[in-house]
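First the structure, in the form of structure tokens, and then the observations on it.
Should a chain be cited, it is by its letter among A, B and C, assigned in written order, with residues numbered from 1 in that chain.
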């Protein structure tokens, strides 16, 4: 499909319109990749354009999602990446909500098209964590409050450990049940071509792995990665020209909780619940547990998948570990969760996790997930990301029926 | 249609030793909400903040935003760009039906940054540019200035006149810390820190915060009798490298074209009543005036000398004093410009009030070493 | 590309060239090193400055909001829930309860620590329930810590205090 229009007069400024996803792409996720950030963005965009059947000239606007500049080693890293991400000579904007960017960038892409300002919007997420030395963890030193927290020399894992302990305490959950998530996701990832840490492990492996900040152990955590992912979001009349099976974005929501995370009871992510409420309302979903067929909640740690399932209303508070134990969240279960292998299995390049969240959900609903395709028939799915100091929830609901 | 129903600001000062960035944000936000007559905890659907991590000194600045805006457990996001990009984001959110009332915020706490030159340098390409020589990165602007001066046959006086106009304009702006009654001779005598760029042609850093409340047209009409309409928004990125960019503010030209098209403006030089453009380096004002199609390619310097862009001229540019008078507000630069445009259109600009203005343009650049920028057109 | 067809597998391929630690250490790939010198000095602002001065005097200060009735720590100039300025300052006790805790074996650069650090969120007595701050626990064995444990602050000597969160060295269990 070729649209020969000068880019500015190509912007039509319609009225409000629905939004469909017609293509996605991602690079491999590995601890260190040789390609630069721009090259990674390019590879992901190329794949997405191929699947959608359009060229970069058709793209009207570009949204970049990329997490802390400190990882790649640039100030204003959005500007640096724009050439590789197709942003040259286009309206280009970078959004950033910490770890929630993986699902927030598509939400930003959604309003570029839904507002009528663009008909075709490209969403790109890129991350190069390996640039930071001695270890990407070091860059997380700077997320803390400089006066109240940093002098105590905190490590990022601390917040998760504190939250995990609280979650386990309030609902009386054993580490064995939480470890099941890590086992499931790492096994699921064996079917993902881009996976970094896919392997078959057991609950004992998790419980015996190196302690990092108890109760968190090494196999409870997703690794730092380099990678990029891309999505193409279009207006309905364009989707009709490109494909018979677009996947529609039916609901979006996002919420940010207070900076004072020590003043909150961490056992329940109310920011995810608020974001989900907003997205479900838009998507006309009243009973998520019944109406959602497949879910990709954010799983940087195994307990986080459970925590977020409860926040998304897919399980009652304290019930998520039971669903996991009963096999409900397996690929052949009633509520397949993280069929891609998630961050625990494929890798965690912060914002580029869009590849295993939003892109995966799209592929599942378009029946293109190959060996990872879930067993049941799917119509509606939800993907979610989390970020900051236990603050951000970003949720997107998709459906293959309009 | 989207309207501005409330504005608030804090500053602008050369330094703010008594208040943290949270406190200046709170101050500006409270003023904006009072102006709009809303309660952020109940009425606002979306909050957009514009910040770059390294300007703040945190790895994820988004974390430190919600409390002071009243956004706790509400939809809040960060756009890593100038205020006008945030304005465009809020505009799109309202038009998509995601929000009826949206808040945009940007601030600068430049006085907290001890090594500003190194922060700018950190944005430069590490392989090709960053460690070439030891010079302060402002030399990049000087390179562009020299090329632009040669291409447009500008003299040093042409550029110096921008400084004279803006700093004198700033004397009537109570919130501008760098106003001065300087003359052309003062500017010409100022040392050439980056030949041909002189010290007085570089806008010094300043602190401040601007908050806007936007609303969809139905809600705007309920909230206020004097909405200022956001007629058009545009934003554009040319490219990243200094080696491939146009050096003629093509980003501003295309962003303006997009905004004008949305606003239905076909002849900007006639239909725009006044403008606030980015002049963080004095020559940039001439470049941006041309890019915004407010004057022809070889006319801006001549018109400037004739007083066409003066406070009492035919098309006042930077009547607030511009960045040379108000200071370099980092990502809040677009906010200061939009603020001035809105105050002028409402008739609240005090001693600097222009008469009979209906359409104003605010434009900003994303500063060194980028070639991106945004434009917003406001009207009554 | 099979647009619109269901029988393709996505992503069709995984591009990107993985490198190992050895590739970099043995200089098998070309790279550029940069050691930026970027420094900031943040203004603490009204609320935190007073809090830090309180710490210097050996006191933990909080603030209260009359509308929602909360007493909050760390202090702030406005109540973020009611969105109004706070109504006054309160001196809190230097004892508290462990809300949650963790035993950390790694330092901020992910290197192993010689001795594990016990970090906790401690809700301060005198403030509203669950109103916590993050700090370190000391004078206790990791296996003896539990949620709900009562602790007391151990301060630096008066001459050593400088108006920082580290004026409290750590929190130790409260006997009895």
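The criterion applied here is as follows: contacts are C-beta pairs under 8 Å (C-beta built on N, C-alpha and C of every residue); 3 or more make two chains touch, one makes a residue touch a chain.
Since the structure is predicted, the reported quantities are computational estimates derived from the model, not experimental observations.
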item: Winner on C-beta contact pairs when A-B is weighed against B-C; value: A-B
item: Most widely separated chain from chain A, with each centre as the mean of CA atoms; value: B
item: Innermost chain, where centres are averages of C-alpha coordinates; value: A
item: Separation of mean Cα positions, chain C and chain A [Å, integer]; value: 25
item: Centre-of-Cα separation between chain B and chain A, whole angstrom; value: 33
item: For chain B paired with chain C, centre-to-centre distance based on mean C-alpha positions, whole Å; value: 36
item: Sequence positions of chain A contacting 2 or more other chains; value: 73, 140-141, 146, 258, 260
item: Residue list for chain C, restricted to those that touch at least two other chains; value: 34, 36, 40, 42, 44, 48, 76, 80
item: Per-residue multi-chain contacts in chain B, two or more chains; value: 54, 57, 66-67, 72, 119, 122, 126
item: Of all residues in chain C, those that touch chain B in their complex; value: 32, 34, 36-48, 76-78, 80-83
item: Partner chain A, residues of chain C touching it in the complex; value: 1, 3-4, 6, 8-21, 23-24, 29, 34, 36, 40, 42, 44, 48, 52, 72, 74, 76, 80, 99-111, 119-121, 130-136, 142, 147, 164-166
item: Chain C contact footprint on chain B (complex, rising order); value: 16-23, 26, 39-41, 54, 57, 66-68, 70, 72, 109, 111-115, 118-119, 121-122, 126-127, 130-131
item: Sites on chain A touched by chain B in the complex; value: 7-9, 11, 13, 16, 67-70, 73-76, 78-83, 87-98, 104, 108, 110-112, 114-117, 139-143, 145-146, 252-260, 270-271, 274-275, 278, 387-389, 391-392
item: Residue ranges of chain A in contact with chain C within the complex; value: 22-28, 30-35, 40, 43, 47, 50-53, 73, 130, 134-135, 137-138, 140-141, 146-149, 151-155, 157-158, 161-163, 165-166, 169, 193-194, 210-216, 226-227, 242-245, 258, 260, 262-266, 355, 359, 363, 366-371
